[in-house]
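Shared between the two complexes below is chain A, which has chain B as its partner in the first and chain C in the second.
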Partner chain A sequence: MPSAFQRQRYLIDYSLMALGRRPGKHLGLLAVYTLIVAVLASVMLFSESLRGEARLLLAGAPEVVLQRLEAGRHALMPASYLARIEGLRGVSGVRGRLWGYHYDPFIGANYTLMVPPSDAPLPGTLAIGAGLARSRGLEVGDLLSLRAANGEPYGLKVAARLDTESELLSTDLVLLSEQDFRAFFGIPADHYTDLVLQVRNPREVHTVKEKLNLVFPDSRPILREEVLRTYDAVFGWRQGVVFVILLGSVLAFVILAWDKASGLSAEERREIGVLKAVGWETADIMRMKFWEGAVISLSAFLLGYLLAYLHVFHAGAVLFAPVLKGWAVLYPDFAPLPSVDGLQLATLFFFTVFPYTLATIVPIWRVATRDPDAVMR
Partner chain B sequence: MIELRGVGKVFNQGRHNQQWAVRDVSLRIETGQLTCLRGPSGSGKTTLLALIGCLARPTLGRILRDGEPLSGLPERFMAELRRRTFGFVFQRFNLIRGLSVLDNVMLPAYPEAPAHEELRERALGLLRRFGLGNLAGQRVEWLSGGEAQRTAICRALINRPAVLIADEPTANLDSRLSAEFMGIAAELVASGKTLIVSSHDPRVYESPAVQRLVGLRDGRLEEA
Partner chain C sequence: MRPSALWLTFVLLSTLLLGLSLLLADREQSAAAERLARGRAMVEQLGLTDLALFTEARYTRHLTQADRFAPFQDHPGALEHFPSGALVAPPNH
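Up next is the complex of A and B:
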């Protein structure tokens, strides 16, 4: 009884020899296949990395944000709400936040102005995000003058440049003191932009949300998990957009693979006939061709994934970054954190390696199940 | 002994170009002899050899070896017979281009999966026996007609089959190489092999090495 392992070794050996006999054809196919995997994997890796980045940043975000609405639009929150919320069971802490947007016509970009909960800059100074600093050419000690709500120029001195673990959300950020914020936007001292709540038991956030809905019918509570879900949806949607754009090249590859796989040349048919005539079983030929297809598709998959990894995590995903990050004037100088998602890897494997191998096997099977005399004739 | 009982083979059955290549052939081929199928082109020699060598299945009739049926077996058993019982030397040799002489010779043994070193030694032994020892590493497309034929014979013998089948073995050879082939054939018969060859070349069917001559014409047996 021949050893099954030894038999597979002979078949793999033959498959490798077969690949080596037509190097031009196989290398060309490998190159196209690798490129397709690299492009698809780049999109997946980059989107997943963005999601991960968002999750990382939002991990420190408040569990519940309460925003007041007027006619369905976000409105300022009276400070009197703070005392009423403190009395709610399950709420361990509440504070008012001050933040807003400012359009800078000088570079045509929106800034996010914010008063940090602690270590706020001294009055008359500010801290700015890296993107803003790059765009305006600002260094620490420079003066930044912006047009305030009353139409007068409002000058603030740059005290620091923000150095956070991710630039993704801080690139257009401006941190300033409460005093300057209120003066700049003309917000009265007894109002905040919104409120943030800490919940004692994280499993009770939904109960707290229900209570807030009841007690403050003019306000909407937003949970951290809802924000995360929105980010996921946004990045998922962008990934989808890129995939649709790439559909053309994927289809071209499918046609190429199908043509290669289904259109067995006369020489390949003859070879199958000869192998059968000298005693190879149909299963041996199928296995040999399976290995041939597997060597190409696995090599392309591994090479493509490696290229994608380098593209995304070492070259900053230069091909897709503008689409996947979003359309903005101030692009964050964003270095994605290297991470590989097992499920995504498996999905990509299933949709690239599996169809190719199948497309190779089916036409071979059609030929290999016939009598050798009929195949060679 | 190989026995054919009322064997027939039709191609393109049921179509307008249907053709009977072999009709109602009943024949006994003795073990340990050199049997030659003689006939002009299109007489059905190649088809009959393919049927005997399990490369094709008869449309009608049965083929038996030592009383056991060869035709009508499942594909897997047919492949095993082709591998273990029969060695086939094709008219155009059908060596696999791009591979070396040694790799071509070793190919039929792959499904048997012997130890690689043992297989390699067996193949090299055959190549040396047929004067091809120094060509083992050469690609087959660079071989001369005689060298290619001897490589094909080595490939047919690698699994030590009891029966060697050769289709028009001298069709692509000159007189010297044809005589050389008949010498090899006589040697193989002397070593106990059964040989079945087809030819319309008098250098083959008139050779003293041939022990039995079977005539074919239009797919039927011709009285010798």
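Up next is the complex of A and C:
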């Protein structure tokens, strides 16, 4: 009497040989199945990687940003607000931020110009992001000339190039001195772009937000948790959008797989009849068919996942790059950081392996419980 | 060699590779910890609020700083026309 393991191995042997009788059909099915799993897993891995990185990096974002609005648009913040905010209970620090956008018609890209609160470049010099340096072909020591708000060219010397490892944050950044920033944009000394606040007790952030809403009705506070939530939602939404776009092809595959798995051909019916006639038990036939489904779906899941891992983390997610880049001219050159969510992997396993395997068993159960003579006729 | 032995070897190897990918991801996360810490320090130092993923328009560069209606405020009746707009979630209704 063979052991249970031996018994299953004989059944797997038989199932594999049965699949091998029509190699083209089954290999084709395996290839399409694998591709579908690979695309779904790629979306999952890519989104999870970006979401994780955003979560880790932006955990250092300002606790509260206060923007002033004028006629519904972002307006400059008068420096007089600083003193009024310092007086609010719960606020431990406040400073003005200076940042803005500049469209460079030379390469058709938007830059983010910013004044660092400390260690700012000396007047007349700037530090630029790696993407910008690449696009404009700039090296340290070169002169970058931009058209200032008054229409005059404004030349600044590149003093430093920001790390390529921080491209995801800084690819389009131009860091410059406060003096140059104000002269370039024509912003008066008593105005800032917006304000950032530190709150003494993190649990009081919402109270501080309410106070700000009350005291400064023309302003809009943005909390760090809102920043983090936005990124969580952006990547969740992106994943959802891609899944919806893929839905058509996934459904087409489901129909194909369902038809293949659940529709028994006359030949398969005869085979079951013969097996029953030579003494196979119903349970054995169902186990054999279970292995047929499991061989295809488990192989497709494993191959698909491994392909997705290689695609996203070792081939730079080439399929998704155009979607992410959009119309942007400056795009960060970064490698997604490998991050695999066990729960998502388990979900993918459940939805790719189980339905197909079940779909192969159900119709067999209906046929296998009938009399062999009736099945073969 | 029996077909089952071949398939089981394949499953075993692939599962090992899958496990290895989890371990590798974990290791690369640890290896990137310093880089991420430097990134986070940069975020703290400069007071950054956004990733430079979509640099194509003002309201996509700093997603968290722009209003929901920012894409439509260039002029009355303006339609949102940047591809990234399609990737950003609408508010919950």
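Annotations for the structure displayed:
The criterion applied here is as follows: the second predicted complex is superposed on the first by the 342 of 377 C-alpha atoms of A that agree within 3 Å, B and C clash if a C-alpha of one lies under 4 Å from a C-alpha of the other, contacts with A are read in each partner's own complex, and residues count from 1 in each chain.
Just so it is clear, a residue touches a chain if its C-beta (ideal position, glycine included) is under 8 Å from a C-beta of that chain, and two chains touch if they have at least 3 such contacts.
Source: prediction; values computed, not measured.
Set against each other, chain B and chain C differ in how many residues of chain A they touch, and the higher count belongs to C.
When the shared chain is aligned, chain C comes close enough to touch A:A233, but chain B does not. Of the two partner chains, neither chain B nor chain C is touched by A:L247. Residue contacts after overlaying the shared chain place A:V278 against chain B, while chain C stays out of touching range. Of the two partner chains, chain C is the only one that A:G131 touches; chain B does not reach it.
Legend: residue contacts after superposition of the two complexes on their common chain; A:M114 is shown touching chain C, with no touch to chain B. Contact with both chain B and chain C is seen for A:M17 once the two complexes are overlaid on the shared chain. In the superposition on chain A, A:V318 contacts neither chain B nor chain C.
Contacts of A:A31 after superposition: neither chain B nor chain C is touched. Common to the chain B-facing and chain C-facing surfaces of chain A are residues 9-10, 17, 20.
Residues 9-10, 12-13, 16-17, 20, 50, 53-54, 56-62, 65, 67, 72-74, 95, 97, 101, 109-110, 112, 114, 116-119, 129, 131, 163, 165-173, 175, 194, 196, 222, 226-227, 230-231, 233-234, 236-238, 241, 295, 298-299, 302-303, 305-306, 309, 313, 323-324, 326-332, 337-340, 342 of chain A touch chain C in their complex. Only residues 2-4, 6-7, 9-11, 14, 17, 20-22, 267, 270-271, 273-284, 369, 371-374, 376 of chain A touch chain B when the two sit together in their complex.
Across the complex, chain A is touched by residues 47, 50, 55-57, 75-76, 79-80, 82-84, 88, 90, 94, 96-99, 103, 107-108, 110-116, 155-156, 159 of chain B. Across the complex, chain A is touched by residues 2-4, 6-8, 10-11, 14-15, 17-18, 21-22, 24-25, 28-29, 32, 35-36, 38-58, 60-65, 67, 69, 73, 82-84, 86-89 of chain C.
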